[in-house]
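Each of the next two complexes has subunit A plus one other chain: subunit B in the first, subunit C in the second.
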Partner chain A sequence: MRDTRGHTRKPGLRLWLSGGWITVLVLAALLAPWISPHDPLAQDLFAGRMPPFWQAGADPNYLLGTDSLGRDVLSRILHGARLALTVALIAGVLTCLIGATLGLIAGYYGGWADLVISRLVDIWMAFPPVLFAILLIAVLGTGMTSIIIAIVVIDWTRFARVIRAEAMSQSKMDYVASAQVVGRSRLGTALTEILPNVLPTIVALLTLEMGIAVIVEAILSFVNLSISTDAPTWGGMIAEGRTSVHQAWWVLVFPLVALFLTVLSFSQLGEGLKDHFDPVLR
Partner chain B sequence: MQILRRMIARLAATAVTLVGVAVIVFVVIRVVPGNPIAMMLPPGATDADIQRLQELYGLDKSIPEQFLIWAGGVLQGDFGTSISLRQPVSELVLGRLPATLELSVMALAIAVVLGGGMALTATLYRGTRVEGAIDVTGGMALSVPDFLWGLVLILLFGVLWPLFHISGRISPSLGFEFQSNFYLWESFVRLRFDVWTDIVAHMFMPALALAIPLAAIISQLLKQSLKETMHLDYVTLARTKGYSETSIITREALPNAILPTLTLVGVQFTFLIGGTVIVERLFSYEGLGNMAIDAVINRDLPLIQGIVILFALIFTVVNLVVDMTYAALNPRLRHA
Partner chain C sequence: MSDVIYDVKDLRLSFPDMSRKPILGPAPRIEILKGLTFQIPKGEVLGIVGGSGSGKSTLGRALIRLIEPDSGQIDFEGTDITHMGEDDLRPLRRRFQMIFQDPLSSLNPRRRVGGIIAGPLRLQGLEGIDARVNEALDMVGLPRSFASRYPHELSGGQRQRVGIARAIALRPDFILADEIVSGLDVSSQAQVLNLLEELVRELGLTLAFISHDLSVIRRLCSRILVLYQGEIVENAATADLFAAPTAPYTQELLSAIPLPDPDQVWV
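Right, the complex of A and B next:
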């Protein structure tokens, strides 16, 4: 069928494009202190709201222009990538560890453990996530640790739900029964039989989660509840750009493009991996 | 009988969820350090002042005690008094609820029209480039959340080509006296189309931002079920009878394909309502979500609690309604 053929062909390009952007971003984040043309925090009050280089009145020193305080937009985007990816990596991995473990327990062991975990997931699902995040930040105070904690506390259910279902269906398979027959312990079976089989799903979910972490960090810094008010976060830059969008569009557009591509790439990469690992589609 | 039992079980589960939400919100806000009272007093307030205010808001009692007092009030419709705005929480929240409801319903309508249109077009042109283009667009739309679509829309139709308003709910210069907070509905019913158009011009972009991801989901799912239906015998029969492809899709396949999409739309609608929090902020739209963010920034505990509980209530009620609708529409469940 056309549809299946289209489906197996597309992920290749999709994975390359999104993987490529993430690689560029990781390099930019790692090298930010060396490749940034300016200090991201340095203000130059005589060079406020300079347009990007191709526009009249631009200063070639500031390739992508400056914001209202004369801070270099490019340098702030590069340093913003550092913050965004740090949050994505730490929050993503922690969320994955906690959520997947609980999902595995609920799905494989069942019984009261499943009952408690599933009920908790239901309660969690009744919270609007953005509101929950803001609530937690208000309570924990701003700062990178708080953002990471907030993401983990909110999003573990994403992993728990999916991995529970996967583990449940895997545990009914014959190979699990045979592992038990040859005398493997419950824990041993869970770790050596079930885990490797749900690992592809975990990797795909982790990639998706990193994109979500980037957007949550951006939203929190947009409402000024993130790291600190003048730290170069993409969300903070977007918030400033939003208020001065009629005077200096570039303050909004460039961080928005960076954020948009990053979120899109993580999501496409995650979906692509999911299809790639899916034996039915392969 | 079966249905009745199902309904009772669902209602009980809903109640447990709501109590759980209430307990979690209540505990989370209170166990952490940081005194909301200290923040609302001017510098130089004495300890006695703090003491008096704490007693006034009941913050001097133990947490279980506070919870019981609060829960008792809630059952009588009393959600306490907002610390920052000094008005009853129920009044504040109910005052803002219509704005958020109108926005959500408008977004849902846009999503259904957009997503439905995409699915029908893709089915009509299945196997062609049109279908491919719709698939790619849908994939993109789904990958990027409403917050980012909102910003993109602000740039496109607020700045580059200023078709719509990018902040607020209504132009203040109109000076129209509303009797309710359902502005969109009221201006329509009172036949003030000038006011109505102005409100739509304010609401359209936030609603569209919320609608884009949902439209993509609707389109994907509906297309999938349409595709399955199109292979069924009765559709082939209709084709041999010489019906046009368009009428086969809309009159024969659609009614059968719509049920799975409907369930999903309900669940996704709750996500859309959750999205209003940040989208309202982005467009300075005076709804519940925008108020929630202010409440959090001001550490206004009673107001935060009221808003979160209301959101949770809306979430669970929507889910309940979807379940019931599904049971009512699905003959297999009806006679089971």
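Right, the complex of A and C next:
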């Protein structure tokens, strides 16, 4: 067995890389109105389909080129980050709060609470998520709130399932019995003994969920069910870029890369944080 | 107040048998404790022995009301705690404590040793917590600096000492020790047992010591309770039990332990 007493892990490369990208993205999102070279919605039909700066015929004013309507791709990506991260943060946190709370209750209290919550999760998961999302948006109407509601309504089960299993295995540990021996209340035990032990898993799931929220938002934008047709969303840009990929590949590729890196970073960040902040051997 | 700390009468306890549960309706119950009657006098070190699954841990956990018995009666210092609710039990809980078998599982991995010992003190509303934590560490022979360590940074024997420190810091009257040395190597076992013996003497504790190991029980305990399939088959002073076991099961147990025999003949 590996002896890890007194052993502190250095944050790994993946934690640095994923954390770095997310930081850049957060800064971009916060500063988008000030650092964007152009208005993301401003069209300039005389400057349509300008290539990125290193290609012949580029305009240095448009670093990553322009789309068919002459809108600046870089500015649209920066503003798109704003929308993507807003959805990720709000949807991720709400999903986490609802799902983790129900999972903790089911896993720790067991009995009727577990029976009801577990059945609900089973039934919920029988719906195909994409259809479920489209159905929900159709009912709620498009817009950011609807997207967030759709993500929360569909994805709370992910947290509930994982946290339930984790809380259940923690409840069998003797430190929980030992809390009862000294007279700690059930609720107190759940919050001060069990919760800290499932927190690394919650954090990992939360960042994963943020990545998922970014993808869901992009998918819904791609099928035109998201915020609004002109708003600079990554999914919307990818949808538009796809139609002119032979004439202007950059309109498709840059938002796709941003989306890919963001989703990858969120999932890697979660795993990395979990490893890094877990002082315990598993 | 009498000089009996625990007075147990016809204690019965059963668990639902989930493997034979019909689809509708309640699961049939398996009787684990089948009417136990005994007393634990104050200051006694009572050994509880018996085969695996004989109900030793279940009995122990009923005594400190981690589980509720079906019927019968458990009096702790004259108070009937058999069916007492958790809220009424809370003030009493300080007075009966437990040391667990596996210290790695019984110490919350996310708390430091200091927090593990201080938590129960705070919960029971005691004063001078830091001083009490230090005193408890001193008593179990751990350096005070260990208060800032995590359980996984300790050896098995040290962890078990933390478990003991947590229990004695509350200054209980009674401690249940359930197989507390079975996970340790022989030399840590001896050290932990010596420590326990010393603490029992110094603090005037009453101890119930559950073990498989009759030689450990013989050394530590003044009286022995032998459980066999949920029933008490023998309840006798240690010397008497080893000199003249009455129950067939006890005789079997005794013949199974290797005792040093000066007249042993090598065949």
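List of remarks:
Quick note on the criterion: the second predicted complex is superposed on the first by the 262 of 282 C-alpha atoms of A that agree within 3 Å, B and C clash if a C-alpha of one lies under 4 Å from a C-alpha of the other, contacts with A are read in each partner's own complex, and residues count from 1 in each chain.
Operating definition for what follows: contacts are C-beta pairs under 8 Å (C-beta built on N, C-alpha and C of every residue); 3 or more make two chains touch, one makes a residue touch a chain.
Computed from a predicted structure; not experimentally measured.
When the two complexes are overlaid on their common chain A, residue A:Pro128 makes contact with subunit B while staying clear of subunit C.
After overlaying the two complexes on the shared chain, residue contacts for A:Asn197 are found with subunit C alone; subunit B is out of touch. Note on subunit A: of its two partners subunit C and subunit B, the one contacting more of its residues is B. In the superposition on chain A, A:Val181 contacts subunit C only, with no contact to subunit B. In the superposed model, A:Trp16 makes contact with neither subunit B nor subunit C. Residue contacts after overlaying the shared chain place A:Ser267 against subunit B, while subunit C stays out of touching range.
In the superposed pair of complexes, A:Met173 makes contact with subunit C only, with no contact to subunit B. Counting contacts by the rule stated earlier, residues 6 of subunit A appear in both its interface with subunit B and its interface with subunit C. Of all residues in subunit A, those touching subunit B in their complex are 2-3, 6, 119, 122-123, 125-132, 134-141, 211, 215, 218-219, 222-225, 238, 242, 245-246, 249, 252-253, 256, 259-260, 263-264, 267-268, 271. Of all residues in subunit B, only 13, 16-18, 20-21, 24-25, 28-29, 32, 34, 127, 132, 135, 139-140, 142-145, 147-148, 151-152, 154-155, 158-159, 166, 227, 273-275, 277-278, 281-282, 289, 292-293, 296-297, 299, 304, 307-308, 311-312, 315-316 touch subunit A in the complex they form. Contact residues of subunit A toward subunit C in the complex are 4-6, 173-175, 177-186, 193, 196-197, 279-281. Residue ranges on subunit C touching subunit A, taken from their complex, read 64, 66, 86, 89-91, 93-94, 97-98, 100-102, 105-111, 119-120, 123-124, 150, 152-154, 166, 170.
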